[in-house]
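Both of the next two complexes hold chain A, though its partner changes from chain B to chain C.
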Partner chain A sequence: MSLLRQFCSKLAPILVNNSVRSTQNVSAAITTNRFFSNKPAPYEIVDPKIEKQEQQDIIKKVNEQVNANQQGRIFAVVHLAGKQFKITEGDVIVVEGYWPPGPGDKLKLDKVLMVGAKDFTLIGRPIVEDGLANVTATVIEKTLSHTKTDFKKKRRKQYKNINFYRIQQTMLRINTIDLSGKLNNPPDVTGTEHRIL
Partner chain B sequence: MSNSHLLMKAGFITSPAQNGVGRYVCQLQRVVLKFCKNNGSSRGVRDFIESDLVNFAKDHPGVVVYLKPRRHRGPVIVAEYLNGEKQHVYCRNFTSEVVSKWLTLLKNQQGNHEGMRLRKMWHTDHPSIQGPWTPYTFREPSLNLAEFPNDKLSSPASLEPSATDRLIEAFKKQQLKELE
Partner chain C sequence: MVFTTAVNFIRSRGPDEFWRKRKIFKLAAHFQGRKRNCYSITIRYVHRALVYATKGRKLKKVDMANLWEQRILSGCEQHGVTYPLFKESLSRSGVMLNRKTLADLACWEPQSFKALTDIAQARAAQDGLNVSKSLEPPSGVVTRGMIK
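Moving on, here comes the complex of A and B:
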């Protein structure tokens, strides 16, 4: 939760559109609450114009950094085969269970839940805009896990059952994570990208 | 559930020579199918050799396929990988489909992973991009300028007001009301 709040505070103008928002009381006095995340949020009325200006400034800064390619190493959180992975370029992740792609296959991971660099984090609602982040991967290996033992026994009930099984594992190499496209610049019509009209 | 896997050799994901960073290279170098020409336990392997082996060899030009008939011995597939590892699969009484499946598995692997438990489903050279969490990560910056000894910082983080405090507060409220 505190992690989420940290991210939220970094990108608050993009994420929060309410005219009322929480503010931090900046004072030299030391408060009894030692963590930002535990602080009860006092409320104030925010000027929508100033709010919008702040939003645009932050978006502009991120866009500038991305355009100049100064953002450094990028990480992403992707949703893959029912699980979420935090990945960066060159990582190897393991997908467990039946999963059709075979070794050598190049994939584009579409469900990107979060992209971030050192200075900023883009949070998807629930996934980031199509075309904003480009994550590609290669399947390098398909193998089986170690033999797992499923042993059940009930005492005094003449019941004993033993099963052995191995789980399919697919190793994926993350090749690239790119930020392409402009931040906060959604297309007019959405939802038609993957349709044949 | 059994805990026998805890006594097993455990390790992390390894992929030889950064495979897949540029392009994918099949790591299976050589495969030897050992079988008996007469015995029934080699039937599946013999069927596989008759029907599918030529196609397998054609589909995978990077893999050397050897056949080794030997009398009165059980059928075995031996796979040798580019990293020097070897894996034996004993194919007694297998059907040709099952032999085909095992051969596919050996081809898709990067080495012999038998008897090894993966500790993590993730390998990375860069564990943190925005910096790892420390106890000071979300602390208030004004703490940097605090001077010690400090009464507020020395007190417990969440301390309920005592009975005395409540009484004093009630008394003050009362006084305020009287003033009004």
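Moving on, here comes the complex of A and C:
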């Protein structure tokens, strides 16, 4: 799974400069709109070698920062029990409704949609590469919410209905968020990680 | 207890009046004036409050959704992308962040949100989407071979 990268203010000006690219604007040739339902995008001819170099430079900078452990505090967006949570280390998140894991269970959250650090953000399409980000969590408590009153009443219609209910809640402590794998280094074969062969 | 007549038996059914009323008065402890002291008035307002609470639980979800949309909209406007274009481009790029998360990012992770709008702009320019504003692909986003 490939990743989109975008460097934030600190690194972007150094890395990418449009004037450095050997581009040639040919948009003048396609000004007519007759045969397209949408406006054709003006395109530019880019040297693939230079572009590849730019990509590798960005990836290298991220890898260097991660290896030197200078990325700072990391946040991640995970998909868990049908909801998305933006989390960082030490957070407690609440999963509502029926959810099987019990107290003390240690979990690895696999569906990581986004990882962000001080100078870079990794955006998954829709999730980041398997094994790149390592998010672990522990179930610390299973409990019920406070009692909620469901009261319905219609005036002058002799209709009144009252119910009480509580929702199951699971508290989850986020233990670690690491960037363990190497960026843009996908395995040759994917899809077999969770299979017993 | 001994009931000499059927009338007395019917009158003494159920929980004691004091405790039955106390349950209601407890819910009305924060009301003002006679709404908290006189039972016949209290019960009316407690019922009304409980109905509001039940309805409000649904409305809260609607309100939150509106708030998220507004936050994303503001973030988009800041970077010169329209909201529909932003959503369309992101889904075309396979970015499946929901509105709650996007709103969180717009609030608390401005740099990451800008990255998303940049990607959306680049994608829109690449696909030639109909956009009212003229969009130049932002510098710093390498799209070729990556957004497909």
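Here, the second predicted complex is superposed on the first by the 148 of 197 C-alpha atoms of A that agree within 3 Å, B and C clash if a C-alpha of one lies under 4 Å from a C-alpha of the other, contacts with A are read in each partner's own complex, and residues count from 1 in each chain.
Keep in mind that, in the parts below, a contact is a pair of C-beta atoms (placed from the backbone, for glycine too) under 8 Å apart; a residue touches a chain by one contact, two chains touch by 3 or more.
Remember, it's a predicted structure, so these values are computed and weren't measured experimentally.
Of the two partner chains placed around the shared chain by superposition, chain B is the only one that A:I140 touches, whereas chain C remains out of contact. Looking at the shared chain after the overlay, A:D150 reaches both chain B and chain C. When the shared chain is aligned, chain B comes close enough to touch A:N175, but chain C does not. Once the two complexes are laid over each other on the shared chain, residue contacts for A:A81 go to neither chain B nor chain C. Of the two partner chains placed by the overlay, chain B and chain C both lie in contact with A:G116.
Using the contact criterion defined above for the overlaid structures, shared-chain residue A:V92 touches chain B, although it does not reach chain C. Contacts of A:L107 after superposition on the shared chain: neither chain B nor chain C is touched. In the superposition on chain A, A:I167 makes contact with neither chain B nor chain C. Taken together, the two structures place residues 2, 6, 36, 75, 116, 121, 148-151 of chain A in contact with chain B in one case and with chain C in the other.
Across the interface of their complex, chain A is touched by residues 1-2, 4-5, 8, 13, 15, 19-21, 24, 26-27, 105, 108-110, 113-118, 121-126, 129-130, 137-140, 142-143, 145-146, 150, 152-153, 155, 157 of chain B. Those residues of chain C that touch chain A in the complex are listed here as 47, 50-51, 53-54, 57, 93-98, 100-101, 104-105, 108-109, 111-112, 114-116, 118-119, 125-130, 139-142, 144-147. Only residues 2, 4-9, 12, 15-18, 36, 38-41, 46, 51, 54-55, 58, 75, 77, 83-84, 86, 113-114, 116, 121, 123-126, 148-153, 160, 162 of chain A touch chain C when the two sit together in their complex. Contact residues of chain A toward chain B in the complex are 2, 6, 27-37, 72-75, 85, 87-88, 90-94, 96, 102-104, 116-118, 121, 138-146, 148-151, 169, 171, 173, 175.
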